[in-house]
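What follows is a pair of complexes built around subunit A, which joins subunit B in one and subunit C in the other.
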Partner chain A sequence: MSDAIEVKSVTRVFGGNGKGPAKALDDVSLSVKEGELFGLLGPNGAGKTTLIKILATLLLPSSGQVKVLGYDVEKEVDKIRPRINMVSGGDVGGYGLLTVRENLWMFSQFYGIPTKEANERIDHLLKLFALDDKSNAKVRTISTGQKQKMNVIRGFVTEPDVIYLDEPTLGLDVNASFAIRTYLRKWVKEQKGKTMLLTTHYMVEADELCDRVAIIDKGKILACDTPINLKRMLRRSSTFDVETTIFPEIESMGRLAGVEGFQVKQLGDKVVTRYVVEQESVIADVISAIQSKGGKLTSLSKTEPTLEDVFIHLVGRGLE
Partner chain B sequence: MIDWRLQCRAIYGRAYPRAIGALREPSWMFFDIFLPLLSISAFIFYYRALGAPAVYEGFVVIGGAMTAFWLSVMWGMATQFYWEKETGNLELYMMAPMSKMSILAGMALGGMFLTSVRAISTIVLGVIIFQVQMQLTSPLLLVFAFIITLIALYGMGMLFSSLYMFWGRGAWHLSNLMQEPIYLVSGFYFPVKQLGFYVAMAASIIPITLGLDSMRQILFGAGANGLLPVVEEIAILCVVAVVFIIAAWYSLRHMEYLGKKEGRLVLRSQ
Partner chain C sequence: MESNWTSPWLFLVYSVVKPIFGTLILVFMYLIILGGVQDQTLFSFMFIGNAFYMFVAQTMFGVAYVVQEDRERFKTLKQVYIAPISYFMYIVGRAISKLAITALAVVITLIFGVAFLNVGVDLGATDWLLFGVGLFVGLLCVVVIGVALAGITFLTARHSSGINEGIAGLFYLFCGVVYPMTVLPSWGQTIGMAIPFTYWLEMMRRALAPGTDFSAISGLGGYSNLEITALLLATTVVFLIISVAIFRYADHLARKKGKLDMNSTY
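Take a look at the complex of A and B:
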């Protein structure tokens, strides 16, 4: 199977807004095979969107080479653009005065799809996303979730060979996110040879959907493999969720000997801390340290490693 | 090779929201017909108070109607890509396979249609209310002068649009700055020849200057006090239209390249 996307030693530098040049991508290399659902996982500002904009022919790399479907993104944009599309979470696109159907039809015209064919595809997708009852509603009158469903339909109505989804479920409720994820999974399974690159900072989404995942932080790819293999990286480590009362200097716990990763979440007057530790015995030192700082242990559980744990292990902190 | 079917679909697609979408806002009748009528009325009463020839009232009605096109070019064309960038549409346009000139052409055609409906409403109401007398000698020539004026004017809008895509908010302020001065130098409410031949010729870089002057000559005859003979004015407008459209094409390509290089296509709120 050939590569749909090839990224070789790509660096992208922005002006930096008076603070000196800012490196959004730093010597990034990766490849995505045809028919693959590839995830790019990283926190805000990691460089995910910059990479997608380069792949979407909207931004030039400062150095390095990028090919999509075998064509160079700098020199052969005309061969790439008819075969790609992009959906960004948060950006809906289109015009509020037009109806959902009119907006989708308008974007289909930019790809030269005959009106009859475009309408058939739009009808089919509106039904799949349970949005058919809103097809004649003006976009400004529908909910955020419905707008994002329309946005996703816009990306697929042109039947691209490669689609980029940049945080497609950002800010959506559970039902809307579920509907979108269900469709994405179905699309890659049913449409042979179609490729999807998904950026997200929802670990579960990446774990559930992606064939392979690259973890990116501060413009660098830290790891790239299947979710299963990434989680195997932590086989020698152990992950514990420790619930305690709030105690001082909680952040210093991440610096204890043997603690490889550390993430804190405050829940009311309690704190749930996830520790990725080298050996199970380290957790005893952690508990002693908590007690010496005045914290009171309320629960302790060992968990199976997740992509989030892999991220914590690689980056040293959580996404949030 | 150019895929003309794709380009035509893209032009139609982009013209659609302009032509149909905006007519869904009934408030346009107040802002685009009633308000221009007020400024027309002010000039007409001013001319009447001064005892100016009746033909000046006709100048004002035509000039007042043409302000809608100038505003459409400044705010509906030139600054449009700035707004499209802020709403996320520009990225989708740039990523799509059609020529970006088709997007500009669609915006222009939709804008022309919508603004023509508004301008004609203003003329009809102005003529009825103020009893403007016209001596239309050649309707065909009038239609041709009107169409070539619009092509040249929207060609200029396409050029500005590509420039504004790169300059962002700074260029938006330029549009503000260009609004009233053009009313003056293009002679929206008086024969442009009054400014002196050389000033009027310099102002002719704005297509609406010669467009207005030629249409007034066709509608009001010798009383229009024209700058150049109508045929010469139309010939210049044809040249200007071609120059603006070609310049817009080059500018758009160059600005797209710069935008991709400097990241301005994807960075917002500049």
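Take a look at the complex of A and C:
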């Protein structure tokens, strides 16, 4: 199979603001195969949206080469645009004076889709995402989540060969997210040659949906593999959830020798800390350090590595 | 400006009534200051020029406003931008709808002028060929300059309406809209002669008011209708090339600098 997306040594710098230019992407290379559902996972500001904007022909790379469907994003946009689409989660765009259906129809016209065909697709998708009762409502009167669903539909109405979804389920309720995830999986798997690049904050979403995942932080790709292989990376490390009372300088625990990853969650007057450690014996040092700082251990459990642990391991911190 | 219009009807009325009032206020100021129409030729000159200038002002502001509105109010700019329809053509389409609305205002203004102010428009004697060619080329020119301004709006968030007003103001100043170009110093006249709207307005006046002789005041009396048409065409071609180049460059720069989904509120 050929590559639908090819990114070679791409760097993107944004204007300096006096503090020296910031590298949103720093020498990023990756490729996504045709028919693949590819995930980009990374904390805020990692560069996910920047990469998607470059792939969607909205933004030029500062250096490096990017090809989509074999065409250069700088020089061959006319070849690329008819075959791609993009939806961002925060996206609540739409012409307020038009109805949901008119909006979707209008965008289908920008892609030259015959009205009859467009209307059939629109009807089908509106039903699928439970938005059919709002099809004749003016866009300015519908809720934020409904606007977002409309935008997801806008992305699929044009039946692109490559679609970019930037946190498509952000802020949607459980049912809507589920409906969208199910649709995304089916869309890629049941049609030939459809490629999807997805960014998400939800580890489970990435784990469940994606064929491959790239973990990105501070503009650099830290790892890129199937979720199973990524989790296998941690086979030798161990993951523990340690519940304690609150004690001072919790954050310093992450710097103990042998601790590879560290994430703290406060639950009432307790703290649950996840430690990814080099080997099991390190956890003994962790516990004695807790006690020496005045913390009381209330529970300790070993867990199976999840994609989130891989993330914590690589990025050194959790997503939230 | 055109924000918060909930009903398309209200929007239409507003789009038509506002420019008409703008034009008529100027006319009445003229009448009050001079205590009535002193010179019917000059008055017709001003009235017709002013009426057609509505196309320039309304469309040029309108088109650049489309970019701002799509980007910041509807948040559809990037969605339209990545679609296969060229953004250039999309803007042209939006500009033509602006022209259509403005045409209504221009017609109403002219009818008012003829009915109540004795403006020398004579439809019976109108040179329709001159009018048709002139109107078409002039409006084409309005649209392409609008597209160039739309391109510049890609790059500027807050100051773009200032730029548009500045450019529309320059045209107003140099193209013999409300006063004949001949009152300008010679360098001003030279600038005026390089702008298509100067010839366009002259053609509209000659075509619609063949009974009025503007040759003594317009500064363009020495040119025949054919020569004026040729001058309009030639300057329009130059403006067209410049406008397309500006749009393309601005488009490239916007992608390079990442300006296509910025928001002036942050």
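Quick note on the criterion: the second predicted complex is superposed on the first by the 320 of 320 C-alpha atoms of A that agree within 3 Å, B and C clash if a C-alpha of one lies under 4 Å from a C-alpha of the other, contacts with A are read in each partner's own complex, and residues count from 1 in each chain.
Just so we're on the same page, a contact is a pair of C-beta atoms (placed from the backbone, for glycine too) under 8 Å apart; a residue touches a chain by one contact, two chains touch by 3 or more.
Please read all numbers here as calculations on a predicted model, not as lab measurements.
When both complexes are superposed on subunit A, subunit B and subunit C clash. Legend: residue contacts after superposition of the two complexes on their common chain; A:32 is shown touching neither subunit B nor subunit C.
Touch criterion met: A:14 reaches subunit B and subunit C at once.
Judged by the touch definition given at the top, the superposed model places A:282 against neither subunit B nor subunit C.
By the document's definition of touching, neither partner reaches A:179: not subunit B, not subunit C.
Of the two partner chains, both subunit B and subunit C are touched by A:78. In the superposed model, more residues of subunit A are touched by B than by the other of subunit B and subunit C. In the superposed model, A:57 lies in contact with both subunit B and subunit C. Look at A:91: by the touch rule set out above, it reaches both subunit B and subunit C. Taken together, the two structures place residues 14-15, 53, 56-60, 78, 81-82, 84-86, 91-95, 97, 107, 109-112, 154 of subunit A in contact with subunit B in one case and with subunit C in the other. For subunit B in complex with subunit A, the touching residues are 3, 5-6, 9-10, 12-14, 16-17, 20-22, 24-25, 87-89, 91-98, 103, 260-263, 265-267.
Across the complex, subunit A is touched by residues 5-6, 8, 73-76, 78-85, 90, 255-258, 260-261 of subunit C. Residues of subunit A touching subunit B in their complex: 14-15, 53, 56-60, 78, 81-82, 84-86, 88, 91-95, 97-98, 102, 105-114, 138, 154.
Within the complex formed with subunit C, the subunit A residues making contact are 14-15, 53, 56-60, 78, 81-82, 84-86, 91-97, 107, 109-112, 151, 154.
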